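Chains: A, B, C and D, in written order; residue numbering restarts at 1 for each.
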């Protein structure tokens, strides 16, 4: 084996007894796929194409599995099953215990004659099921109706619902979390500078920093000013300085992120050199 | 157990019937301008206003939690259903590619195999299944983190290409980046100490820290504030139906 | 000259990628041990272990999971190396469900090292596993360690181990070293073990969560803190056994410098080529 | 892209009704928050009546319930087991403990509010032989009642958000509706948006496709919507020039929306037959799986113009570098603060933050959209004024203004 001559000692696929090691095979597959994706850096080739298509396929499948188990099942299928079972038990007055707390509450009220007639119960039950489960399901089906072009306009309803949801939330949360908080954080105090006795370089430096921060902030905001040409005595220089501040920001955060990105690369190479080639302990 | 299967079957048939009804409705009512144009906008508006209203309800009030629950459930259910169209598009496209023998059609087989095998084991056993676990741990996660780590290479090539002092702005960009990079690692300070004059007055890691606390804060805050205004104005336009290009055709 | 710089100016990005791969692989295989400034926090954490008499026992708490292992696993190995060398015996516990696995891996990897071939499980190191409800666990160990952990991670009876002879609770321990991510860990040990039993507490944590523990450092309830991968590399440097953390920090330093070099190179070549045009 | 006939009157009514609704909510909330509203007391009466019934029914359980009830009394910190002397220090410690108490901690009380609670309890309790613990228990109970908002529909702690929102929205709303009277508004040049036509034109000349990436978030994010509305404009151009437009999507809602938007653009240009829905495709919801797929598309189709408009995370640089490698003109736009640097480094043009949202107005030049932009500008001006005012007041030691901005 030439690999042994190189002093390489790859992760074995077989265990000492001769049985196939799942971990060994897994590590080999993972390593080959890793190299396949890295081969893209050299140029587009069949190994990369293979890994890419496999990756897209697996991740699309994973999305479906995740959506089914994490969203669709707990928020639609299981509740519908539970509610219907409980409903059946209540209507037939069977001795099976009712599971859903809401239904349990209704059952006790029904038994105590506080709910009204059975008809009323059926009405409220249907109403609740409709609002919580059927209505969104209908909206979902409307989305699927896109496959038939003449009914595709139905998909506007679910789309509008989702867009409205996002827009509504965004208005209040940005006001709350971004605007008010960020504006408040910019209220720096120059009081120490005013009350300074003698010359304290620490306070002067702090105040200078605060001033640069606020001045830079205001200029950068002015850069985003749309309804006037960035010319003249104030707007021109201010927006220019604003661009400088933004550029320094971009440079600095680029430089700052490098470390985190390299950590990821180190992680992958530790896997390749350690788990797979067993070169690094 | 038997009854449950019966119920699930009933549920599936029910949804199919519902779907057919919806399609029929959609085709018969497609000329109604009110249904096509106004009602969706009303949905959007009502949903948005409800979410705003919910924000201002005290969390102690049970309504707060109820609206939150209801809306997240709705969105989850709708987007779960919506996923189906995407997947249909993915699968039919790749089937077409295979059957018409377009370029690279062989890889589409790989894609579909990966897709269906993952779905098969995933739907059968959930997340605990041995096979699904294997796919997840030895194929999905490694490829994901490898793709992520490619970023490190691109950071290098982008830096080499873009950080050139062509203009005053570009010079600021590259100077800030270089100083911060020097300040992040110990070796940087060592190298910095060889630079005459400047190194005597400034420590590079402190300089990097200073850039970060003063300039980065100012710049990011400005972007955030501007973007917030953009967010608010855009949401406002969407809620009131001024911006509705996302609907596509008007007719 | 100009021709050379023209080539550099339009260099294929694949050379940069190649340089990057080399810059990552070489330090990983053979750590360069580039200069590292030892921070006082790491130093005092090291001093706690270093000042222990041979044969004394410490509690090593693995309070993390695989997600934080890139930072904390090298740290654990460095601390264990230090203890093995000083002949300090370690009782490993965990407040996180996956902690015992981490402890097992660390011990396996170290005991395969020829330097520590004489170190035996149950004599120099024991892995007591994990018990739910971390506050109750930390409180309970003040009464009796074997009471909280009746068996070790592999199901053997705790009191049978040689290392556990003469160890009842915190009072019989020389120190506690907690490797922490998240809520359970250093904070719990400081507020219970140190506050009530006056046991020395030291530890290490991920870089993100280190700020949380500075108040404890100031009040001297926590002696020393190894912070993130950088702290781990400093600790490796102190025990003079460069390993993963050192390699990681070396890669970071080398790649950062390489990037700066590339940026400078690009600018110089741009200047020369641009001027002569 | 769409010349809408919009019924402004009706929208005005909508706007008014929203504002009216908010003010109603506000007043109702105020009344509830401060007041002992009758509904609340009747509720308590009900509860007491119910518990009285229970007592009559089974006296043993009543005892147990009573025992349980004493357990529910806030556990008194040991520090408070001393007599009350009326000193300022005592009141301070009481306030500190009340704010931190188990049931009131979530209410974020101010010290002044806690002080009022202490004073009210002192007024209600007998004066002799008071211990701090007694006052504490009484004040916490009082606080629970007073700050119980489970029946109120407005959270007074969030009134600052409401006021800021009404202020900003009324500016934006005013300019939006003021604009429709046909005044042409100036808007400064945004290089990235002006370059769109040039980029599509270049792709046409080279006979290569155009690639549009609408980000990795779903339609419920405003950036995606902004991106999709720019897609409409790009599609119009590609329809005119008869260039292929590729739109790989990571969410199926975005895919179907994009298909609709692009179809509409081709329809308007009278080129429906050259619209290819299969070019607007869904790949996968997974972030990096998507990136792998888009990279593959770029390497094989070699687009001459790439657009990245929407929400981006780590994939920003992977996409932009690959795009540059295949020699495309690249225009990016996002409001994700941490990704803008990478786009600035690797793309030819970058729309920074707010510029992305301004695109819709910039490209369509619809008066109402331009008006909104003007409103945003006034908002920016307002923010600068508020910041300067805040700094002046803070320097003078006046804190009420900055306190108002504290969010809960």
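By our rule, contacts are C-beta pairs under 8 Å (C-beta built on N, C-alpha and C of every residue); 3 or more make two chains touch, one makes a residue touch a chain.
Quick caveat: nothing in here was measured; it's all calculated off a predicted structure.
Asker: Measuring between mean CA coordinates, which chain is farthest from chain A?
Answerer: Of all the other chains, the one whose centre lies farthest from chain A is C.
Asker: Quick check: more C-beta contact pairs in A-D or B-C?
Answerer: Higher contact count goes to A-D.
Asker: Of the chains shown, whose Cα centre falls closest to the middle of all protein Cα atoms?
Answerer: That would be A.
Asker: Could you put a whole-Å number on the gap between the CA centroids of chain A and chain D?
Answerer: Inter-chain centre distance comes to 15 Å.
Asker: How far is the middle of chain B from the middle of chain C, if each middle is the mean of its Cα atoms, in Å?
Answerer: 34
Asker: Once you find the CA centre of chain A and the CA centre of chain B, what distance in Å lies between them?
Answerer: That gives a centre separation of 6 Å.
Asker: Need the CA-centroid distance for the pair chain C / chain D, whole Å please.
Answerer: Taking the average C-alpha coordinate of chain C and of chain D, the gap between them is 40 Å.
Asker: If you look at chain B, which of its residues touch at least two other chains?
Answerer: Expected reply: 45, 49, 55-56, 75, 79, 82-85, 87, 90, 104, 143-144, 147-148, 150-153, 155, 157, 159, 161, 163, 173-174, 177-178, 181, 184-185, 220, 223-227, 229, 231-232, 234-236, 238, 246-247.
Asker: Which chain A residues sit where two or more other chains touch them?
Answerer: Correct list: 37, 40-41, 49, 51-53, 55-56, 58-60, 62-63, 143, 146, 152, 159, 162-163, 165-167, 169-172, 175-176, 179, 183, 186, 214, 217, 221, 224, 246, 249-251, 253-254, 257-259, 262, 265, 267.
Asker: Would you give the residues of chain D that are in contact with at least 2 other chains, written as numbers and ranges?
Answerer: 158, 161, 165, 168-169, 218-220, 222, 225, 253, 256-257, 260, 283-286, 288-289, 292, 300, 337, 340, 342, 344-345, 352-354, 358, 373, 376, 380, 383
Asker: May I ask you to sort the chain touch graph into line, ring, star, complete or other?
Answerer: Chain contacts: none of line, ring, star or complete; other.
Asker: Taking all chains into account, which pairs touch?
Answerer: All chain pairs meeting the touch criterion are A-B, A-C, A-D, B-C, B-D.
Asker: Inside the complex, what are the residues of chain C that reach chain B?
Answerer: Touch residues, chain C against chain B: 11, 13, 16-17, 19-20, 34-37, 249, 252-260, 262-263, 265-267, 270.
Asker: For the complex, give me every residue of chain A touching chain D.
Answerer: 37, 40, 44, 48-49, 51-53, 55-56, 58-60, 62-63, 143, 146, 152, 155, 159, 162-163, 165-167, 169-172, 175-177, 179-181, 183-184, 186-191, 194, 214, 217-218, 221-222, 224-230, 246, 249-251, 253-254, 257
Asker: State the interface residues of chain B toward chain D in the complex, per the touch definition above.
Answerer: On the chain B side, the touching residues are 45, 49, 53, 55-63, 75, 79, 82-87, 89-90, 93, 96, 103-104, 143-144, 147-148, 150-151, 154-155, 157-159, 161-163, 173, 220, 223-227, 229-238, 240-250.
Asker: Going by the contact rule set out above, which residues of chain D touch chain B in the complex?
Answerer: 1-2, 4, 6, 11, 14-15, 18, 21-22, 25, 29, 106, 148-155, 157-158, 161-162, 165, 168-169, 172-173, 176, 218-220, 222, 225-226, 228-229, 232, 249, 251-253, 255-257, 259-261, 263-264, 267, 278, 281-286, 288-289, 291-292, 300, 314, 317-318, 320-321, 324, 335, 337, 340, 342, 344-346, 352-354, 356-358, 360, 368-369, 372-373, 375-376, 379-380, 383
Asker: Note which residues of chain B are touching chain C in the complex, please.
Answerer: Listed in rising order, the residues are 152-153, 155-157, 159-161, 163-166, 174, 177-178, 181-182, 184-188, 190-191.
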